[in-house]
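Labels for the chains are A, B, C and D, by order of writing; each one numbers its residues from 1.
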């Protein structure tokens, strides 16, 4: 499947502000192939590309003061179907690759240390492995209401466990927190997906099952084959699409994701592009 | 049933400190008859008896600096069995007595405003009335672990909903919060009970069902007929056994509750008593 | 000074919903005289007037399903100047009237138990009494930013102490929490005031100083002589202008407060009025 | 200066439990030279040494069920004095090395996103750079009370900002959160130090100032030259001395740090050692 991604945003900055952007679809080989992409920021300033701690592609620049317009367009190929899931069992913590252990620890929005009893109560009897992570997603899907405005940038998995409402970010945080509470490595993924209404960035999570990171989306809002990863990290704190080192305001933001097969005339971006 | 209550405590105060005590069993007529009681504080200082906002009996005095010894002994008659529960339906909020409405509002430790979705998810389908409050208690009894040290003086129902462990106070707070989230008036009761191990103050809650305040104890640690009420309020903040207006430390505290029928020689208190 | 108050609101209710309204200016004798007032709810339903736990005037009714229009108009006289403040000292907790002690205890939005060290650090050296409560207000006014959108219905004094931004409700909660942490009785007041921009309900607090409840408004947004009290309670949980026992949505709300001396043609309400 | 470190601990495990230990002093070249060290766990099981995400040395093993005794002894050389501090200015976020940017983001115990207004209010006017981080430490040292029992494993910088009491871990978390709120990279360091009373693990923080990680200890409990680093990470969640993947209990723990020049007979460890 080929997906067309089109992001436009208008920022407003009172002062020139160092800013890190993380909006570009990752190029992950066969699992996710970046066929074309252009990132355009106006007024133009030179950006420094770098990889963050998690190897996500980032760009840092000094955003000029005033109004800034941002546009990103990409075409991404993803397999028409995800690989068949194996009814895999969990590795115990002794046999987890050491590089996954970081993802068993609590983080800003995923206080797994506080949710051990709840996770054990709910999922302690499930078959360890894929079945258990699926049980986590099913529970979240059933018991948490998807509701805009019910949560904000400060809402964490701890809050969602009690308040029972939120958006994709909150669903992902709670899934991650439950997995970690069960000693299953889990991480947050920001990205794009087809079919979100209204269109927006998406968030889902990955759990380490059967020797690899598998995608899980407790919202069930998007076809799983149509998830496009931008960044992965411990939680949303590590994956913000824009980090302003100073005051910056997003005046508006528009995300469109379409099935490229259905699109005849791809959106074009004029001007200096970076990629 | 006749219960003998015997409380002894040692306090330590760096300065003379105004202190309110709420340790005395309430005298509630046939439902709870105070047959005898003596409260003894050494060194002796004159106390001012008063009724608080909720009509609970309190005593205020200037505790002297240094070591203070406190002793309370009482004999209380309670009916051998609680009145038979009627399978009562809830009054809707339009027909609740207006004096019960305060107990539908959130309070320090019972943030019912944040638990509406959880309460509705868990108990929204239960038959309103006694059956639903019993479902609340059953759920708490099943899903919250009774565990000393798992909570502290700052722990609230919101925390217990996520952390799933606590003591009687936490069980009561969560029960109250769920009830209020369902628009059922509920209040906190501090008191004594038979059979607690280790012996200590107890806490339970009352919900307004079928036109009266009914006792509920989600811990199921005590025979319901053997609950003795000291104070009722919105939550533990209103029912502290000792409130120091300054620095005060409880060096130790011992509570004994026995079935008076099994006791041959009641504990005697020597010295100046207040009651 | 004569103030004209004019409130209009549109509610939307999916089902007939028991609702308590607390929007009417209190009639407090010379301190606040209610000269005229009309409350109009359309469609008309009979309301039950009652006094809540704190003796605030309330009305309860079964709001019909659908769109409901609410209008309240009143003329209130308040003294042109508040009584001169005496440089009063605090009563210690032993000499506080027992009916004020409730207001030394923590509540839903005023976790004074958690702010004792902060209050003592900031205000422990101030002269007890009026000067100290003023120091509390000055500190809040200087260190908390008045900012719409920085807080929400779940924000408490504990949050505001760390996050340092909020609206009048948050300013009042923090003032109350600091006072209680210093053993000064303090309570929340909802009301109206002149000069708020944009016009809205207002909130301030009262502290027990020099033997009476004195008004304090840490926002300094309103002339103190132009505060009109509707309800007083432990915090905002007790003073909501509308409490829906079910789902209710406020579609819009408009509050106007004008100096009646400057108004030639008072707003008139047509229809069945209650008062 | 040569420091002798001696750690002994007794663990109790109901089941064989995968466990990661992070107790060994780091070998950092001239800044901290590990002269000798032995880690002894009884009963003996083979351990897997590895480096975590932050390159801290860790060991993972399957701890056997039952009582486990742990002993670690090391001799570490640290310079007699830390390098002279230069009155360095901050790099702005555009010129920070990209590998430090992770440490500007909020984490489990350091919710810098919620403390921006407080940090700006307190330290916004301080000279950026070393002087400002020192101002952060001075403020914490003055306003936070060092008090065992005032905090627990769930306490975060957000709590400490309001509650104003804690131990070294809390002091470090608050320092880190303030630095990050000011866009200064900051990270948590667990370690050992001379002179702590009672002896225990220690925690402090590092801020990125003048092009390098500099040590800061807001507790001022330890001579700065006598800090020995074990692990660095985003906060305490990343630096736990023992992480049990299952139930594990530390029955007791003893840490001794002495000036080796004053010790004639170094503690010896008998048995199978790992290093």
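As a convention for this text, contacts are C-beta pairs under 8 Å (C-beta built on N, C-alpha and C of every residue); 3 or more make two chains touch, one makes a residue touch a chain.
Fair warning: this is a prediction, and the values are worked out from it, not measured in the lab.
In terms of the distance between Cα centroids, chain C is separated most widely from D. For this pair, chain B with chain C, the centres built from the Cα atoms lie 31 Å apart. Between chain A and chain C, the centres computed from C-alpha atoms are 42 Å apart.
Chain B has its Cα centroid 47 Å from the Cα centroid of chain A.
Each of residues 114 in chain D touches at least two other chains. Because contacts link each chain to exactly two others and close back on themselves, their graph is best described as a ring. Partner chain A is touched in their complex by these residues of chain B: 114-115, 117-118, 121, 143, 145, 158, 161-165. Remark: chain B residues 18, 20, 48, 50-53, 58, 60-62, 92-94, 98-99, 101-102, 104-108, 111, 113-114, 153-154, 183, 237-238, 243, 245-246 touch chain C in the complex.
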